[in-house]
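Before anything else, here is the set of structures, which you'll find just below.
In what follows, subunit A forms one complex with subunit B and a second complex with subunit C.
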Partner chain A sequence: MKKAQEIVLGVVTSIGGFLEIGSLSTAVQAGAAFRFQLVWAVLLGTLCLIFLVEMAGRFAAVSKHTVTDALRERFGFNFFSFVFLGVTLVDLLVLGAEIGGVSLALQLLTGIALRWWALPVGFAVWLLLWKGSFGMIEKGASLLGLVTLCLVVGAVLLHPPWRQVAAGALPSLPQGESAHYWFLAVSILGASISPYLFFFYSAGAIEDRWDESYLGTNRAVSGLGMSFGALIALSALVLAAGVFGPRGITQLDSYDQIALLLTPVLGRWGFWLFAASLGIACFGAALEIALEIAYRAAQGFGWNWGEDLKPAEDSGFASVYTLALVVGVLLVVVGLDPLKLTVFSMALTAATLPLSVVPFLVLMNDERYMGEHRNGRLSNAVVLFIVALSFVLAVVSIPLELLGGS
Partner chain B sequence: MPKEATAVAAGRALLLAPLLTLSACAKDASASLTTVTSWAATARLAGESWSAGRVPTPYTRRALEAAEKGIAEAEKDLAKAEDLPAARGDALRRVTGTLRQAVSEARAAVERRDRGALSPALARLAAGERAVATARNSGGGGR
Partner chain C sequence: MDLIRDVLDKQLVDPEERRMGKVDGLILELEEGQPPRLVEIEQGAATLARRLHPRLARWVEALGARIYGEAPGGPARIPWSKVRDVGIDVEVDQDFEKSRLYFWQEWLCEKLIRRIPGAG
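Now for the complex of A and B:
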């Protein structure tokens, strides 16, 4: 009975925690520009994420190591530092995008410019990390994130042509703007397979003291939770295809455009629900990313760590999330366009995936850590294929998009 | 310039420099027209939603401001487009100028909270969008 409750709670928190600014904005841009043609990218990214999250939970439960401390132990400090630097730089950009997302939601709700909100938002995130417990952050933010289910309601009420939506599950070539098409595909993959998600999940499994008896729970939570989470991203894509496409809004350059996503379907409530969804989802993601950067630093450098410890007991850990939040806030205060920051940080995430995923796969196949629970061929093949595809597409499409090619 | 503003500008320039360098190439006419159409349609949707009481005034004002700016930037890109004959370019710029003017009128109506004055501006936007679509279909900047 306790395990069943944990599965339900885990799935619910995964649904609430799945959507953040990256998956929302890339899905909406894809729907507006290419209707249902990029459904396949959301599905492929989710499939890869399910495998990676399941692996991260299994790794923690079996080896009692977080992915980060095992990376340092297995590959040495120099290699760990290289991975740490690359992944952390991208995570800082994503953190800036999430703080920008919360600020933007507050701008929509109050009319006060988003740059004025960056500092209060950063402070609120910091205060929760400083004072809160892991359970409160993980479950509280994710449960509030269930408000994003309004996107699913909106998509259903729109009565989209479901056959065309289903046809988008098969990759197809665009009729024009191919550079933009592939760039969006890469951004969707980067938003779905964000390494912070599975690093955070692994650290959470250690915080919750998982052992091998949790392997079934882990499979259920990763499979069901991520699938339902992807349903929300797909709903955003379907809504954009139905609301923006037919009106000729095929190019989204600003969140001022995206804010109208639900209004034609849900009326007055649509605007406020969109703002609430954006704000809560990004706030939850900002908490998770700041924490994850601190976990990675503390676990990698051998400091005390744990969100349930007092800051005085893990001062290095607390200093890292404080510094990360300062950087994230600065990215918004200097006036970087939040939408451009989001989309490029998602594409960069895809480009740097091999850096975090390949060493993780080596760990998952190492008998010393995993014993009889090490990866099978299918898991290795699926993850390697999707990560390699994301990397190649990113390397080709990012320069083309920057140069405005087609 | 105050010190704070200088620091903000310097920080932004430092962070945006690589992106701006790479994206400095002129857009082609079709891309600029897509931008114009998207912003004009956004302005119309925001205006209609405001008229129906579905979105708040501060948001609508901001969205219309962004639309005006977006169309003005696309107009500049259109002027630099190398794949557009001069006569066709002039005709398209007249249409985009009309659209920008209509967005500006819509913004003024929203600022005065004058729903009556908004309707004709939205009608002009719709007519302008149709004119751009016609121009594109007849080969004006289509790819």
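Now for the complex of A and C:
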């Protein structure tokens, strides 16, 4: 019974946690520019994420280590510091993008420019981490995150040509604009396979003291949760294809256009619901990323960390998330365009995936950590293939996109 | 026991399972005609920096001395005889309050964290 509850809660958390500014805006841009042609990228990214999240949970349950602890222990400090710096840098950019996303939602609702919102938003995130307990944060953010289901409702009400949507599940070459096509594919992959998600998940599993009896729960949560999350991202893509395509809008340059995603289907309510979804999803993601950066530092250097400690009891941990939020807020305040920041940081995530994923795969195959629960050939092959593909696409398409100057 | 594999870079905990940093370095004693003997565990930012590059270690040491003049000199060392158990974590018979990490955490707490309301 308790396990069933955990599965439901875990799935709800994942639905709330999957959608953030990255998956939303990349899916919307893909839908507007290429209709259903990039559905495959969402599916492929999600498949990889399901495998990775399942592995992170299994790793914590079997080895009783968080992924970060084991990375340092197994590969030594020098290699660890290299991974640590790379992944943290990308996380800071993503954190900036999420703070930008919440600020943008507030701009849509109030008309006040988003730069003015960055500081209050960063402060609100910080205050919750400073004062709130982790359980409250996670459950609260994910319950509110269910509002993003309005995108699914919108997509269904739009009566899209389902056969064409399904056809997009198979990759096909674009007619023209191929540089932009591949760049968007990379951004979608990067947005779906967010390393912070599986690092975060393994820390949560250690906090909840998972053991091997949780392996079934873990499989259910990662499979169902991430699939539901992908359903929402796909809905955003379908909506964008149906709403923007027929109006001749293929290139979305600003979030003001994206904000009209639900309006043709749900009218004025659509506008409010979109702003609420965007704001809540990004707020939840900002909380998770700030926490994850602090977790990684604390676990990497052996400090105290934990959801319910007071800041005075884990001053290192508290200082790190405070500092991370300052950096994230600054990225928005200096006036970086949140849409560009988002798409770029997602592509960069894809480019740096091997840095976090390959060492993790080595751990998953290490008998001393995993015993009989080591990875099978299938999971190794699936993850390696998708990560290698994302990396190659990223290395090729990022320079092209920068030169093309979208 | 394989020192690099089983001890280095592991989590150190005190008898109450409080985390007190990692095993950042190991000190071996060499005596002629005898196999090297493990005598101490070393901890600290300078130890870590030395593993990356000796010059980086000198910078870290200078920085540490500047921030906090009276900081206990040299890296923190825990005698190997105080190690009780090497498992998932390395458990040592020394209270967290006596560790170098505690010293720096308290320093950070005093200088920054406690000045913000609600730190507890």
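One rule holds in what follows: the second predicted complex is superposed on the first by the 404 of 406 C-alpha atoms of A that agree within 3 Å, B and C clash if a C-alpha of one lies under 4 Å from a C-alpha of the other, contacts with A are read in each partner's own complex, and residues count from 1 in each chain.
Please note the rule applied: a residue touches a chain if its C-beta (ideal position, glycine included) is under 8 Å from a C-beta of that chain, and two chains touch if they have at least 3 such contacts.
From a predicted model like this one, the values you see are computed outputs, not experimental measurements.
Undergrad: Just checking: does A:259 make contact with subunit B only, subunit C only, both, or neither of them? Give me first, second, both or neither.
TA: The first partner, subunit B, only.
Undergrad: Is A:215 touching the first partner subunit B, the second partner subunit C, both, or neither of them?
TA: So A:215 meets neither subunit B nor subunit C here.
Undergrad: Based on the superposed arrangement, let me know which partner A:268 touches: subunit B (first), subunit C (second), both, or neither?
TA: first
Undergrad: Does the superposition put A:340 against subunit B (first), subunit C (second), both, or neither?
TA: first
Undergrad: May I ask you to decide whether A:231 touches subunit B, subunit C, both, or neither, giving the answer as first, second, both or neither?
TA: A:231 contacts neither subunit B nor subunit C.
Undergrad: Quick check for you: in the superposed arrangement, does A:358 touch first (subunit B), second (subunit C), both or neither?
TA: neither
Undergrad: Of subunit B and subunit C, which one touches more residues of subunit A?
TA: B
Undergrad: Have a look at where A:399 lands relative to subunit B and subunit C in the superposition and call it first, second, both or neither.
TA: After superposing on A, A:399 lies in contact with subunit B but is clear of subunit C.
Undergrad: List the residues of subunit A that touch subunit B in one complex and subunit C in the other.
TA: none
Undergrad: Which residues of subunit A touch subunit C once you look at their complex with the stated criterion?
TA: Of all residues in subunit A, those touching subunit C are 63-65, 69, 72-73, 76-78, 80-81, 130-131, 301-305, 310-316, 318-319.
Undergrad: Quick one: in the complex, what on subunit C touches subunit A?
TA: That would be residues 4, 8-12, 18-22, 24, 48, 51-52, 88, 101, 104-106, 108-109, 112-114, 116, 118-120 of subunit C.
Undergrad: Once bound in the complex, which stretches of subunit A touch subunit B?
TA: 107-108, 110-111, 176, 247-254, 256-257, 259-260, 263-264, 267-268, 270-271, 330-331, 333-336, 340, 344, 399, 402-404, 406
Undergrad: In the complex formed with subunit A, which residues of subunit B make contact?
TA: 8, 11-12, 15-16, 19, 22-23, 25, 27-28, 31, 34-35, 37-42, 44-46, 49, 52-59, 62-63, 66-67, 70, 129, 133, 143
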